[in-house]
Structures are given as structure tokens and as C-alpha cells.
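Listed next: structures, encoded as C-alpha cells.
Same chain, two partners: subunit A is paired with subunit B first, then with subunit C.
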Partner chain A sequence: MKRLSVLLMVAATLAVSAGGAYAQKRGGELRFAVSAEPPDYDCHAATSFAFIHPVRPHYNTLLKFDEPKYPAVKGDLAESWTVSKDGLTYTFKLRRGVKFHDGSPFSSADVKATYERIANPPEGVRSIRKAAYADIAAIETPDANTVVFRLKQPNASMLTNFASPWDCIYSAAKLKEDPKFPLRNVLGTGPFRFVEHAAGSHWVGRRFEDYHVKGRPYLDGFRAIFIRDTSARVTALQAGEVLAEFRGQSPADRDKLVKALGDKIEVHESPWVCSLVVTFNTERKPFDDARVRRALSIAVDRWQGAKALSKIAIVRHVGGLLRPGYELAAAEKDLVQYPGYGRDIKKSRAEARRLLKEAGVPNLKFKLLNRNVPMPYTHVGVFVIDQWRQIGVQVEHELPETRAYISNLRGGNYDAGMDFNCDAVDDPNLQLAKYISADRSPINYGRYNDRKLDALYDQQKGELNPAKRAAILREFERHALNEGYTFPTIWWHRIIVHWKEMKGWYMSPSHYINQDLQDVWLDR
Partner chain B sequence: MLRYTIHRILLMIPTLLGVAVLVFVLLRLMPGDIVELRFLAEGGQVSPEVIAAERTRLGLDKPMWRQFGDWMTGIFVGDFGISMWTGRPVVDEIASRLELSMQVALMATVFAIVLAIPLGTLSALYKDSWIDQVIRLFAIAGLAVPSFWLGMVIILVLLLNFNWIPPLTYTPIYEDPWTNLSQLIWPAIAVGYRYSAVATRMMRSTILDVLQEDYIRTARAKGVFERLVVARHAMRNAMLPVVTVIGLEFAFLIGGLVVTEQVFNLNGIGKLFVETVTRADYTMVQALVMLVATFFILVNFVVDLLYAALDPRIRYR
Partner chain C sequence: MSTATTAITYKVPKRRHPVIQFTMTQPLGAAGLVVIVIMAIAGFFAHIVAPHDPLDLDFGAMLAPPSWEHWMGTDAFGRDVFSRIIYGARTALAVGFLASLAGSGLGAVIGVASAYFGGRIDMLIQRFMDILLAFPIIVLALAVVAVLGKWPVGGLDVNLIIAIAIPMVPKVARVVRSSALAIREMPYIDAARAAGYGHMRIIFRHITPNVVAPFLIMFTAFIAQAILLEASLSFLGLGVTEPTAAWGLMLSGASQEFYVQAPWMIIFPGLAISLAVFAFNLFGDSLRDWLDPKIKL
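On to the complex of A and B.
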């Protein structure tokens, strides 16, 4: 009997956390906080979560992530799809009966127009993720419910790309009238139609009654409230003025809310697709010497650091170049073989001192450029400086405002920099772009070119067999960490606290996905 | 008086021009710009071509003198430009926030005046008594406590005792006065307390000075009631510096409630200021600085004119 009740409890918990097939209630307005605000309304030109959280509920994408099975994908506007054996042809069957919020019908022409806008933006249109679709040779629409993408070469990340939360499907008719239409207008097929954006204050969406998924959305609407100040956001959450904030809370704020609200709230935690990485300006001496870079990498005790910092900052996980826990990431047994990941820190530090001496810089002094954002930049910056101090390296911590920080990092006006690698999804093509040659990657601030890394990057990108791709990734990782141009410190840890009455929302390792609110409901 | 007024108005032009040059140059002295911030602050893999195209679109690739010329020409024809961040006219962005900031400033001013004038006067009249000590303690505490901290305390008290915080979004007073006041009364108190403390101290010291004047002694010698001496002769003359303080504080409140607006999540000019400076939105920052500078100059001008109304001996030529 006791066993049965335990089983029932587990089943009930699973049903609740999955927002599954039980007693969802219809109605109510979900109020949530967003710490920043979208500057305009064009998904294809946006880069911030502050855009995704209020805007994504108005749109559908071709595919989306299967929330409980992340990183698996499922159809959003696509009903089904096939991929040819050679990986060069992707054929999507689209859902029927889908309408835009203005009542116009959705068809394959809209998908074609959308992806052509992303891959080949017309004059005056900004497309941030153009590179992700550079392999597309042609988009065909044999009928109103079928769209075929033909690629120039295989790309193992193509399905992930099609599930990108940024690739909102726009109306072909509207784009034809004005390619910049989405910049100032919100017209999608998503579960909520746009009502209002009060600049600096809030964003409102209301249920789209003609939404193509029967019975969805459950909510009457949502209201995103822009609250810039962290303590004001936490207070609003504590007072129940907002039920959630979807980017993440610090450990201290989580503990405060748990203490104040007890069982009225739920706490979700996950490794995050974000890491802080140390990058060296390889155009400056002595950082052009791999021995110096490697010495500085292996002097950092990531294992102890992760344990200590997780108590005060939003970092917790030791990982390689891909997020710990991701299916293509290095397992711990691989990690400990890489330079900088050994468990014996004394041995590593002795080796670091030897390398610095050999490179002729036993008393190295330099400046670490870091971002003036306390959580978690300052914490991690202080941590690595202390780690380096333990091998006799003296480092000055420079913390300019974000604007100057980015400018200096990008312009090569630094010795070593605390850079970040944060993406919408787990995808080697995205996460490894930081490490390939500067003449290929706009986000390589180390200013180096390494053709071996470039070749391995291209190889993994075209490898459709996951096991073989993983093997190439390990080789990439080993080489990158040996060279130490840029090395990860500690991966971020995402903490979401929300009121229990909000149901049907799924935690993920990214603050950019699972935000269409289609299945979210209020248990009131 | 007319000549003086015209002279003061004409003086505003070089003052504002100086402010314009200063803000324009200072903004551009810092490394980095809005384009890098917008596309790279969250790790976007944006190509240098996109960044260059965006700079061209915003006119950031033009020489500085040309950018300044474009801005000045725009102002001259009443076009204050487009926000580089949102793409909306800066006038619209400011207008949607000005109403709230003006209301908080007005409420805080009323709160300050209602407290400061009687308290300052009482404190002076009962100098060194327990009444004076209590009022001075109240005023010193007001000066010592930052408004935003008081705001945080107010929110915590409301949250912990009533499980309630002021509304997070603004409702105009003409739509729903109760909701409007339930949001804005708290920041008005938080800001008005410091404001009243400054004015109370000023009122007390000027009343004390005025009470030593010959004309007060003369009035008393003539047998005028003490109440009339204070109200008609002392307070009126003591008001001059107090009016100056009130005017300057009011002008400051329009753009100066930076932290208090963050604490209460008020969508006002102060919060907009912080956001636009952080984003390096040149056109918005320039417009906001010009707005606040104009406001300061106008308030000073009005205060000077008020002097003449308060003190018949003052005549401007």
C-alpha cells in the first residue's frame, strides 16, 4: 500500500511537472517579469532574451524543441518532415488550417519568404543568423502545404536551426509589401495576438481564438512587465505581482524567495548554455606563446571553483567547450584528460609554474578585462585572478561599462579578457564558433587563426553520424584546450523560481526556448 | 522688467548651446557604441558587415561635426531625432514618461512645501526648545537618508506587513485616480521627505535671520500681533531662498529620480535616462539632457521672477 501511494505521488508529480494531460484550466492572465525590453519587433534581427520572452508567444516556428525531451525537436508549423539519406534535402509537410492573426491563411509561401529573408536579407533588412542558413541552395514549394530545403552540403545542425526560437514565420504577403514590416508590426500565427507595447512599462498579448492547436492556448492572455532592477523584480515575485521571471535568479534570491514563500513556489534548476571563458589577445606578448596560455588555464581549479562559486553566483558546472549534460558534450572521463581539468591541482600548478618559467615570464603581470556586471562576471573574475595569484601571476582587474568592455574586447585593446559564450540552444556549430579562426568567426576575440580547428569545425558540421561527430568534437576540444587561446572557466547554472499556480511551463538549459506559452495555464 | 526678461531669454541660447556641445562630445569620448552593444552584448554572432551597415544607417560613420550639424539643424526645425535603440521619435519616448515624472515631482513638491514651511517656521520660533530639537532631528534624518533607501524600506514595510506592493505599471490619474495614487504616493513620500528636509532647514535659518531684522523689531514695537509679525513680515521675507531651493529641487526631480524610479519600477524620465545612457543611445541622451537643462534654466528664470513678486524692493532692469 505504501509502495502504491509512493508510485501515485511520483506519477502525480510527473503529471504536474510535465503540464501533462490532466485538468488544465482555461483562463487568466499570466503576468511575468522581464529585466529588459525589446527595441523593435523583428525576430530575425534580435539577439536578446528580452525580445524572446514577450514576442515569441505571438509566433510559430517551423520546428520547436520538444520540451520534456530537449534537445529533441518536434513540429510547430511543420506537421512532419523527412531528411534525405545524404542529408541534402529536408522536406516539411505543413499544418493545414493555420491562420495569421489578421485572418489570412498560412502556406508554404510564408515559410519560403521567411527563410529567404533570413538567408538572403533584402536591402535594409538585418539578418543576424544568416550564417546558420548559408548551406541552403534552394527553397521549393511544390504545393501550399509542402516546403523543401535543398542544401549545398550536409549540415548536422539543420534540424536544430529549424527549431531556432528566432526564426519566426512571417506572412509572405506582408513581406512582399514591405520587407521591413516585422520591424514595427507583430503579425504571426502564434497562440497569442499582439495587443499593446507600452514602451518602458509592459507588453500585452491576448489569446488568438483561431489558433490552430485545438483548445490552446489555455491562458486568456499574458502581460510581460519590464522590471530592470533586480531587487524590484524579486519583490514583485515575492508579492505575487508577477508569477515568474524566465531568465534566471541568483542563488541568494532563490533562497530569499523560498524562505518567504515556502511551498507556494516551485524552483527549477539546470545547467545553462552559457559559460564565461578567458580569452587571450594572441597579438600581444607573451600571450602569443601557447605555454603561457596553457599555464594560465591549468592553474585554475575548476572543480573546487565550481563548488565554491555555486553558493554565491549563477555558475556551477565544470565542462569543456559544450554544455555539461548535453548529449555531444565531453563526459567527465574525457574532461579530466584535458589540460586544466585534472583533479590534482597541486600537480597542475607546478606544471603551470614550469611552463611560465620556460616561456621566460615567471613573474607575469597583466590586466584582465571584465564586464562590469556583478552576476557572474565579477565573481568569476575575482576567482580566476586568485587562482593565478597562486602561481605567482599578478593580475589587475579592469571592469569598464559593457559598452567599453565590448569595444575593447572586439578592438583587441586588452591582454586577457573574460568573454562569454551564450547561445539559444545546444549546438556545436554555435558554441564552437568562438574558437575557430578570427578570419572566419566574428566572435573570436583572441585574434588568432588556427586552420586545424577550422578543418575540424567543418568536419563536425557535416558529419551526420552522432557518434562520429562526437569523436571529431573531442579532437577539436583537445586541440583548442592544448592551445589555450580561449578556455572555459565554469558553466552557468540556471535557476527559475515561479509561483506554483503557473503550470505547463518547462525548464530548459536555455532562457531563449520554451517561451511560446502555448501550454501554460493557471491553476486558480 | 521686460528688458530683463528678454535679456534672460537670450542668455538661454548660448547656455543651451554649451550644454549641447558638451553632451555631444562627452558621449562620443567613451569607447564603443550602440551598435556593438545591441548586437554583441548577448553574444550574437554578428558579422562585421551587419555592424558596419547599422552604423551607416544610424549615421555613426559620419564625421562628428556633421553629426552635430545634423542634430542642431533638426532641433532648429523641431525634429529631435529618432531613438537609435527603438527607432521611435525621441519626443514620443520622452512624452510617454514625462507625465509620470511630472506628477511625482509635483506630489513631492506639495508634500515638501506642506511640511517644510510650517515646520521650519515653528523650529525657528521655538529655537532650542524640544519642538525645535524634534524638527531638526526630523530634518537631519531627511538629509541623511537617501530617497531610494527610504523607498526600499517603504516597499519592504508594505510587502512584509500587508503582502502588497505598489502597482508595477502606470495608470494616469484621469483614468483611475485611486490606482494612480496607490502607485505614486510612495515614491512621492520617499523623495518628498528629503526635499522637505532641505526646505525645512532653509526655512528655519532664514526665519531666524529675518527675526533679527530692524523692521521686525519695529513691527513688534508698533504693537503688531506676533502672529502677524511672523506671517506678514518674517515669513514673506524668509521665503526668497526657500523658493530658490524649492525651484531647484523641483527641476532636479524631473530627471534626477534615477534610483528611486528603479526601486519603484516607475516608467519615468530618470529610468529612461539610465537605460539610454547604458545603451549609448546618443539621440535619446542628447534630447534628455537638453530637456533637463532647459527645465533647469526655465525654473531658475521663474524663480527670479518670483523674487520680484515676493519682495517689492526687487526691481529688474
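On to the complex of A and C.
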């Protein structure tokens, strides 16, 4: 009986696979819009979706996210892997027959060279995610198809790190010749080879005929078209000039496209691993006083704001320091216990006024530094300024252009700032990096040091038991929100509208992942 | 031989108050002035006139169409459009008046000085004015805003006013210079020189009062241009910032997303800008006709 069940399962799996294989169509060029374009071509130094959308299809990573089963990971260049019981050794078996686009063979040496470049970048090479690999003690290559990572201490996020879309695997030979080779060249093992980048216009990739996954990619190629203006992008989508835009649409644009195109399009929605946070410059008075920071946090009615702003902006969810819906995030019953998340806003505002009075600043005035990008920065900025007005605080809204905004935020030239916390994946190590001490985190713009937060951060990072890790995370959140150095406003909501003829693409809570286009096909 | 004498009688016309005279001879200009005065009063007493606080968010009335409660509807944040237009008049008129005053004033001084000194100084000043004139107004203002950044004083951005004023300078300087060139040749200027008066005294006491008419005309005409420029810069995100009530700003941001669903978000601020510009232009043109003796003849 047991054998029969197994046989039936195998038969069913084969039938589904066969059916799937027959359903996909080969050929065609996928045209999609990107609202900005990459300044250079080095994955390890990049941070923007404008980079990942055109560049990712040229590369593979060691692991990648299993699209329909996010946040589960699966092998990309790794065929299989094992993790030692103590969590200190990760052994990957690599796929055979993989080639770079120039025909050279891929081996474990390429993985080693890539991760050494990320973890310990040579002089002149920028590695943004270096800290995520600080626990790596050694990388060994016992043979051409095996790579072993030895860690100094357990790291609960290590497998997620290995699936990062930014960790493009480069050719060891090319890196040896020139460590800056990827900055101006695109050479990967991915499903599409690079054809051209016409600055200000488009980016083109063509199918890599020697791609190691048989029958993939389905597309002949892709063309990323750079369209900066939002209304022009929506018009291009509406006209069918592009079939998709993978960052996200506003609710108004979604409604416009649904009205115009009806059942020709598909709409996908998901909470987004992005939030706008308010950060206080704790080196400036009165923001060095926790009572002032807490007052400003608890005066914000996140529940009402989320409901209202979701109608006009790409924000919708009330959450703590981790994305609402993520398995390690705080549930609503925990959230309402945190300062600033209570349901009784009148009571919270009375407390906020009391705190400001106690701190000696009942008629507080300050400037809110925000980014000159309407969606959703200005919308959320207008919202929090209104919330603060209701406790008698007057705020001037400063909206410099992006370069000045970032420079002021990094340089501490602000009172309070609207900052963003966007990541490729749900991972406490990534999302909490903004909250740990400034002398440890380059993205802490609050300029404070809090050793309790640092200790809790390290504790959760090394905790491999999810339940125990969640408990530490709750303590971290409670302390961070009590201190109020930086507090989340409203979490983003991702809306993707694409033409139905584009198939095989999966929605995710991040606009950085699921973009290698390996399984995407056109139903024409 | 007898000599016939004819008695000629002169009827001295009754001297009317200048305002009545202006209204009788320039009815369109007077209408423009009425609109300007109404806007100025509404803007000045906005806190009394406006039915709602322009900054109050009302999430229960987002994108509400015009009604008794909200005469011109509400915007994406539920803010009352009518109240924001009234408060916006304060921003528009203050920026327009101050920018025009600064631009026209500086232009007049440069124009008079250029005409008075003549020679190499005149040549240098005029070539510099040519350079400024070579830039389209909006491009020049954009560049100035980008370089200077923001300098908020009393709710107004001083650098925005400077940015709007600078493109006006060469235009006023040209017109005033041409008037001053004629005045420079007058005998009383020679007399003042002969009496040993200093340049400053001659420029400010003897020439400047005589170029007040063209200055006034340019000044009123440029208020309209300044209002339009302020609205354009705010629309482009370089003027005043949210949540301040300003007409140009009301046309940008969320309005661009919801103009189909809520057209009142753009129609009423657009009308306010048009009406203000039209009123100042009518008044400026009429003032020119009224003050120019050649046109009176």
C-alpha cells in the first residue's frame, strides 16, 4: 500500500511537471519599464532596484528564493547543501556544466573569489553588504564542485544571506586580472547574456544558449526601458509598450490601469519589506531626551494613518521593526503593547503632551528632513506633521533633492529625518541594523549608541531556535520603541500590475528578488 | 479800423480723485484692481475668512467633491481646497509682491546707474544683462533655487523670492535705462553736476524720481509673472513645501495622480492662478496707459 502511494505520488509529480513543460511557450522579448538606471554594473556595490531589474538576469547566485514558497530558499548555482549541527559549517555542492557567458567553465574557485570580494573587498572595491558576512572565518574549496564556508559563530541568517540577489557570482579569473572588472563589465553565468546598455534609453539581454538549466530561459531576450516619469511609465504600460514594471504602482495608477485594461492585466499585492521611519538626531537638543522622542512617536496614530494613506499611497501596514506578516514579526497583540501602537490615540496624545511638558518643551518646533520624492515620502511626511500638530508641535517640512537629503541625513545636519528601511528579504539582521549603535552600523543616522540594543542584536543573530529568537526580537523592539531613537511609521504595500501574457513571474514582498527572469515566458 | 476781440473762455475741468479718474478711464484695470484687493484682503485675513484650517487632515473626507461643507471639494488628504486657496493667496501675493519689488527695484537702480555713468560701465552692465536675458526665465530661476537652496524666514523662503527676482532685473534695467538716458541729457542734471553734487545724490534725487512711471508699470506687471513663476517652481518641487497652502503646490503631488477622479483638485487652484495673473496684467496694462502721457494725447 505504501509502495502504491509512493508510485501514485511520483506519477502525479511527473504528470504535473510534464503538463507544466508543455504549457510554457518559448520565444519573444519581454519589455519592462524601470524608473531609473544603474550608475555602474557591480552587484556587490549596488543598492537600487534600478540596478537589480536589468542586471540580475545576467547572473546566478549561490542560492535563491523559491519564488512561490518565499522565504524558503533553493539552489541556484548550488545543487545541494548541508549545515553542521553547531551551525558553523556550510557545505555546498555546486552544479556541473555551468559556463560563464564568455564560455569559461564555472567552479568552486569562482564562489570563493566572489565571497572573499564581498567579505573582504580589496582596496578600491566597494562592498555594501560586507557586514552580513563578517562571521565567515574561512572559505575552502576541497574540489571544483564543493565549497565550504566556516563561520566564527552561528548566524541564523546565513542561508538567507547566501540567497541575496546582490551576491552575483563573478569569474575568479576576471577578478584576479582586475578586482574592479564587474564595475564596467557584465559577465555572469545567468540565463541572459548582456547585449547593450544605451544610457537614458534601454538595456538589452539575449538568451544564453549554453545556460545550465535545460530548456531555460524561455524568453529570447529582455529589454528594460528606462522611463523616469511616472505618468509616462503608466501610459507605456497601458499602451502595451511594456508588459510590466517591477517596483510597484500606486493605488491610483493600479485603479487607472484596471479600469483601462480590465482582464488583460493581473494585479498582485503584498506587504513590502520597506518602511518609512522617523529618526531623531540625538546629538541635538531636545532629541537627546527620550521623553521627547517617545512623545513624538506615541502622537502618531498609525492605525488610522495606515487605513487612510493606503487609499492614496503605497503604504498600508502597521508593524514594528519587522515586516507585518513575517514569521518573526510582532503579532498585533504584541504590537498594541508597544509605545505608539495603542488603539486609544486620545490617551496617547495626552501622554505625549505630558511628556513634552515634563521635558520642558511644550511648544516644540523643529524641522523634518524628508526626501523630495512624493510617493510615499511626501505623503507620509504630511501625515506625521499633522499628527504632531495635534499635540501642539510645529514642524517645518524640508524637502531637498535626493543627494542633499542623503548627505544631510548621513552628516547629521538635521533635527528629525524621514528615513527608509528597505531590504531584499525579511531578515532581522538586515532590518535591525538601522537600530543598533552608530559606532557599529553605518546606517544608523540617529547618531546614538545603545549597548543594550547591540547585545540583543548579537543574541538574536546567533540564536538558531526560531521561538527563542522571536522572544529576543520582542525585547529588542520594546527597548528600541521605548527609547524612540528611530521609529517606524507605516509599512509599504507593493502593488504590481502586469499584462496577463507575461507568465512565470512570482510576486514577493521585495522588489529586489525573483528578477532573474529564468522561468518567465510569454503567452502569445 | 476796428479790432474785433473774441473772448475765449476756458472751462477748468473738475479735478477728480485719481482713483475715480483711473476707474472712469480704465475700467478693465479697475476691475483687475478690485480682484487684487479682494485677494489681498482674503489672504491677509485668511484665518477669519477660510472656513477650515488649511492644514487639517480629514481622513473621513478624502477626495470629497464640492459640497456645502467643502465648497471646492477636498484634496487627497481631506484638506479643504477652498481654505487652501485662500491661504494660498497669502503665499502667492507675498512672494509675488516681494519678488517683484526686489527684482524691479534692483533693475531700476542698475538701469539708472548704467545710463548715468555710460561708457565702459554701461557697456559692461548691459552685456551682463544680455547674458541674464539669454536664459529663459524658468531656467534661470531653477538654477538660482538649486544653487541657493532654502532660506525660510517668517514662513517665506527668501531664496525663492531672490530666485524669482533675479530674472526680472535685466528686463527692468533695460526699460529704466532707456528712460534714464533721456533724463541724463537734461540741463538740470548738468546743473547738478556743475553744483558739485555726488553721483549718488544725482542718481537717487534727480534721475530716479523721473523713472518712477516705467518702474511702477514694470513692477505691477512683474507681480503677475512672479506669481506664475512661484507656482511653476512649487509645481516642480522647488518652491514652498507641503503641507503649506500654495497654488502651484496644489497642482503637483497627489493632484497629478487624482486629477481624473477629483478634478476639483486642479481646477480651482488653476483658476486662482489664472485669475490673479489676469488681474495683475489688466491692472499693469491700464496703469501704463494711464500714466503714459503719449497714450493720453
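One rule holds for everything that comes next: the second predicted complex is superposed on the first by the 502 of 524 C-alpha atoms of A that agree within 3 Å, B and C clash if a C-alpha of one lies under 4 Å from a C-alpha of the other, contacts with A are read in each partner's own complex, and residues count from 1 in each chain.
Everything that follows uses one rule, which is that contacts are C-beta pairs under 8 Å (C-beta built on N, C-alpha and C of every residue); 3 or more make two chains touch, one makes a residue touch a chain.
All values reported here derive from a predicted model rather than from experimental measurement.
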Once chain A of both complexes is superposed, is A:378 in touch with subunit B (first), subunit C (second), both, or neither? second
Identify the partner contact of A:402: answer first if only subunit B is touched, second if only subunit C is, both if each is, neither if none is. first
Is A:231 contacted by the first partner subunit B, the second partner subunit C, both or neither? both
Which of the two, subunit B or subunit C, is in touch with more residues of subunit A? B
Quick check on the superposed pair: does A:389 touch subunit B, subunit C, both, or neither? Answer first, second, both or neither. second
Based on the superposed arrangement, let me know which partner A:250 touches: subunit B (first), subunit C (second), both, or neither? second
Touching A:49 in the superposition: subunit B (first), subunit C (second), both, neither? first
Output check: A:307 vs subunit B and subunit C. Expected answer is one of first, second, both, neither. What do you get? second
Would you sort A:88 into first (subunit B), second (subunit C), both or neither based on which partner it touches? neither
Shared contact residues on subunit A, subunit B side and subunit C side combined as an intersection? 231, 401, 404
Touching residues on subunit C, where the partner in the complex is subunit A: 55-57, 59, 62, 76-78, 146, 149-150, 152, 237, 241-244, 252-254, 256-258, 260-261
Show which residues of subunit A lie in contact with subunit B when the two form their complex. 39-40, 47-49, 124, 126-131, 183-184, 198-202, 225, 227-229, 231-232, 235-236, 238-242, 401-408, 410-411, 413, 420-423, 430, 433, 441-443
Which residues, counting only subunit A, touch subunit C once they are in their complex? 231, 250, 252-253, 255-256, 304, 307-308, 311-312, 372, 374, 378-379, 381-383, 385-386, 389, 396-401, 404
Show which residues of subunit B lie in contact with subunit A when the two form their complex. 30-33, 36-48, 50, 53-54, 57, 85-88, 93, 96-97, 152, 155-156, 159, 163-165, 167-170, 262-265, 267, 271-272, 274-275, 278, 280
